[in-house]
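Common to both upcoming complexes is chain A, partnered first by chain B, then by chain C.
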Partner chain A sequence: MRFFEYEAREIVKRAGIPVTDYGFTTDPQEAKEIAARIGSSTVIKSQVLSGGRMKAGGVKFADTPEEAEAHAKDILQLEINGHMPRGVLVDPKAEFEQEYYAGVVWDGTRKQPVMIFSPIGGIDIEQVAEEQPDKVGRRHFSNILPFGDFEAKEVIASTGVTGSALNKLTPILTKLAKLFVDNDMTLAEINPLARMADGSFIALDAHMDMENEARGRHKQLLKDLGVGDDETREAREPTAFELAGEAVDSQDHRGVAGNVTEFDGNLGLVIGAGGGSLTLFDAVRKYGGRPANYCEIGGNPSVSKAKGLAKLVLSKPGVDKIAVMMSIVSNTRVDIVARGVIAACLELGMDPAEKIAIFRIPGAWEEEGFKILEKYGVEYADRSVSLHEAASRAVEKIQGAAA
Partner chain B sequence: MSILVDAETTFIVQGITGREAVNLTRECLDYGAGAKVVGGVTPGRLGREVHGVPVFDTVAQAVAHHGRPIDGSVVTVPPAFTKDAVFEAIENGIKIIVIVTERIPRRDVAQMVELANLRGARIIGPNCLGIIVPDVIKMGGIGGPAKDAAKSYKKGSIGVISRSGGMTTEMSSTLSAAGLGISTAVSIGGDAIIGSTYAELMPLFEADEETEGIVIYTEPGGRMEAELARWVTENDSRLPIVAFMAGRFMDEMPGMSFGHAGTIVEGKEDTATEKIARLAEAGITVAEEISEIPEIMKAKLAERSAA
Partner chain C sequence: MRVDGTFIGIDVADAIVDDSAIAAKLREVCPVDIYGDAEGKVQIVEGNVDECVLCRLCIDATSPEQVKVLKLYDNEASLA
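And then the complex of A and B:
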């Protein structure tokens, strides 16, 4: 979960790393007051979870509080890449000597976090890494031992930084490492980290990403920052169809059914079992099919959940048929899914044999499932029919129906 | 033979009194020669039994009851308690730990893996279905109930490594139906950080006489495939590898973006297209459909035996 800049700065500040005397607001009048309090030139920054703020006009400089107010008013109404800003940050326009970079990220191969440091900040660190690799220091650190001062010094010194800068940067890096670990971040980055005229260091901007799975153990922080439980911060807002899917899924705790993403095709998919759903979605497209949705179903959902999902997909405008397919299941019961999808058709007054293009779920309780499908004349397949073959049959059927 | 587990492997189930764990225990006891499930652990439930398996409050009690070291543990406890349970297993001398639990934050996983490395233990998972050696033993929910597992997993010569639990069975079933069969199949989980990756399991399969080839299931995201490609390039492996990649459609969707710093460490090569190219460069054939895998593997095996 990504944080807004004003939230990320608050997290940095709480970790004991110096930040500017900034203010966050959603009100132009208040922006003026913050600028007056700051008492020098300011920069007004749009608070959106999107890159390209500068280019879109979401960052503006102001010499007076009145100018800050005018900029805040403009920026608050400015949509950037489809997102309206959460508010604006009013920040002192800092006079600094040099910009540095400090960040922590996971290395999945080494299975450890890496501290990355560079005396060149302010721009994309990947660009620096490409153009001046000797100016980017990296150091993996233990998951069990705390990140020590010596480790901070090693990574800073590896880039040629010495003198008082080395000693002043050291605690900032150890605090950043601790912040990363303590808050279950997947990315914690200060860029730029500025050296001021008096030799002190201050975080001018920060990016923070928290692992979604860990949100539960940071309730207090999220509450303090005003992040609601319902704020998923996904790149795209969920559609009404997707929200209805969530409602189906939350019916009871058994299994997953209703975790859907909407597309504009005509073939509804009731597919699942992790990798099976990825494989089947690819397969439907390979044979020229147009999926109406992507779907994850598994973990042995109840009949009513399977039914709810099938009803949702069948009721979606433009959906002619559904294909019910999974890789060989271990714990999800075939008969339960069969019951659910047939009940969905019947409750909607549809003929299961006509609406279910194919049912290909082999595995646990398959004999019972196949019996039910036979009774309603639904075409089904066992494990001797591959996932791709099943997908191709479903596509053929829906194309036949459309013709 | 097999890798990781064999007929003699003893293991416990941590969280044994949970609904899924009770089923899992039954399945393991019923499969093959019957797994040696020597105990279960659920704090506060000392003295109970699950399908005849004695339940203890702690791993230490289970080890004391067994009277000698226990080889493995299947951990199926809620995410908030998983790290402690795995630390407990490791500190009580357990060497092979299958973590079934999903949604564990990666910091916890990384800590468990680091402690396991320090103590000479190995973690499979999290978010995985475990390990199966056809007709011999299954450790975890892999393949489902014993009679279903027997349908999909026939004894043979191909090692299977899969990021998806369900696809482990799908691919193994296809290999079994084609007469190739399985030596050992391992569901490794697909999280950002896992205990054992493809590349980390390759030396084990390499040393296993029964295994003649490897089939992997993979998806976009992460660096696991690049790591495998590098392993294959740097090692003179006797084992041909065939891969199947799902999620090709994700390349065309706006999605996963690393933070800037992430690309420096993890690289940009996490899309299906880039992974396929990387695997192919290393001589790993990527099948378009699962049903093609057996023929590709047979051709590769014939090529090796002719050489």
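And then the complex of A and C:
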């Protein structure tokens, strides 16, 4: 779950990392008051969960409180990439000497957080890593044991930063690491982290992303920040197809089926949850297929739920065939999914043998599942056929049908 | 009394349809609500028949041949 910039600043502030004397408001008059309190030039920033604010006119500089008010009024009415702003952040226009970068991200491969630091901030860290790799320090750390000062120093010093800056940056990195772990973040980034004329460091901007599943553990923080329980914070509003998928999934408590994301391809996917679905989605694309959707099915959904998902995908305009694929499953019955997808075809007046490009779900109750598929003439594959091979067969079939 | 779905058929011997104790038992054991017991009679909920998970609990709760679960996709093979 992504946080707005003003919320991320608050999280950083609570962690004991210095931030500017900013203010958040939804009212231009209040923006003027905040600018007057700041007492110097300000920058007015649209609070949207979207990039490209500067380019879209969502960031403006003001020399007087009146100018701040006028900018706030404009920005509050400005839609950016389909998003209306939550409000504006009024920030002092900081005069700094150098911009740095400090961030923590979750490394899913190592299953550990990694601290990233650079003395070059204010631009994307990926760009720095590409252009000046020696200026990016990294260090994985435990999410059980505290991130120690020596670890912070090691990361900072690896980029050539020494002396007073090294000492002053050390507690900022340790606090950032603690913030990341304590709040179940997947991203905690301060960019830029500015060195001011007096040598102190201040976080000028921050990006925070919390693990969605951890929201329940941080009710108080979310309440303090004013984040509603129903706020999904997705990058865009769900489509009618995606809402229909949610309805299928909430049909009963058994398993997962219907958690869909819409794309504009012609191959509908009824694919297993977790890493398997990502692998399969990528494999379909690798072989030149155009997925109509991404979805999750697993955990033993009922026949009617599997049927509901398959019907939804089959009814999507532009879908020619569906591919029903999963990794080897122990927690989802093959026969139940087979019944669901075949029933979907039959109820829609479609021939399962023609509409199901491939069924590749090996695992629990597969013999029973294969009997059902055989009866309806559906091409199926067992575990001797890899996920990639199954995806390529499905793509071949749909391309053959289109030719 | 027999009710067929697309994949599964349920056949309950006529002799036990009016047995309220069996009706209650079948309703209790089936994990996917295929049996009802309104007015003390065995009922088969047609919309749920294809949800059968082939667990045999209904067969074990009754005497031999009183309840048959048939796999319509497998030449009506009976769950023994």
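As a working rule, the second predicted complex is superposed on the first by the 238 of 403 C-alpha atoms of A that agree within 3 Å, B and C clash if a C-alpha of one lies under 4 Å from a C-alpha of the other, contacts with A are read in each partner's own complex, and residues count from 1 in each chain.
Just so it is clear, a contact is a pair of C-beta atoms (placed from the backbone, for glycine too) under 8 Å apart; a residue touches a chain by one contact, two chains touch by 3 or more.
Computed from a prediction, not measured in an experiment: that's the story for all the values here.
By the touch criterion defined above, A:Ser304 reaches chain C but does not reach chain B. Using the contact criterion defined above for the overlaid structures, shared-chain residue A:Leu346 touches chain C, although it does not reach chain B.
Contacts of A:Ser327 after superposition on the shared chain: chain B is touched, whereas chain C is not. Of the two partner chains placed around the shared chain by superposition, chain B is the only one that A:His207 touches, whereas chain C remains out of contact.
Once the two complexes are laid over each other on the shared chain, residue contacts for A:Ile372 go to chain C alone; chain B is not touched. Of the two partner chains placed around the shared chain by superposition, neither chain B nor chain C is touched by A:Asp134.
Ranking chain B and chain C by residues of chain A touched puts B first. Looking at chain A, you'll find no residue that touches chain B in one structure and chain C in the other.
The part of chain C that touches chain A in the complex is made up of residues 6-7, 32, 50-51, 53-54, 71, 73-74.
Listing the residues of chain B that touch chain A in their complex gives 20, 23, 79-80, 103-107, 109-111, 113-115, 129, 141-145, 148-149, 151-152, 162-167, 169-170, 173-174, 177, 190, 192-193, 197, 217, 219, 222-224, 227, 244, 246-250, 254-255, 259-266, 288-291.
Interface residues of chain A, counted against chain C in their complex, comprise 302-304, 333, 335-336, 339, 342-343, 346, 368, 371-372, 375-376. Interface residues of chain A facing chain B in the complex, by the touch rule stated above, are 103-109, 111-114, 116, 124-126, 129, 136, 138, 142-144, 181, 184, 186-187, 189, 207, 209, 211, 213-214, 216-217, 235-236, 273-276, 278-279, 281-283, 285-286, 298, 326-331, 363-364, 383-384, 386-389.
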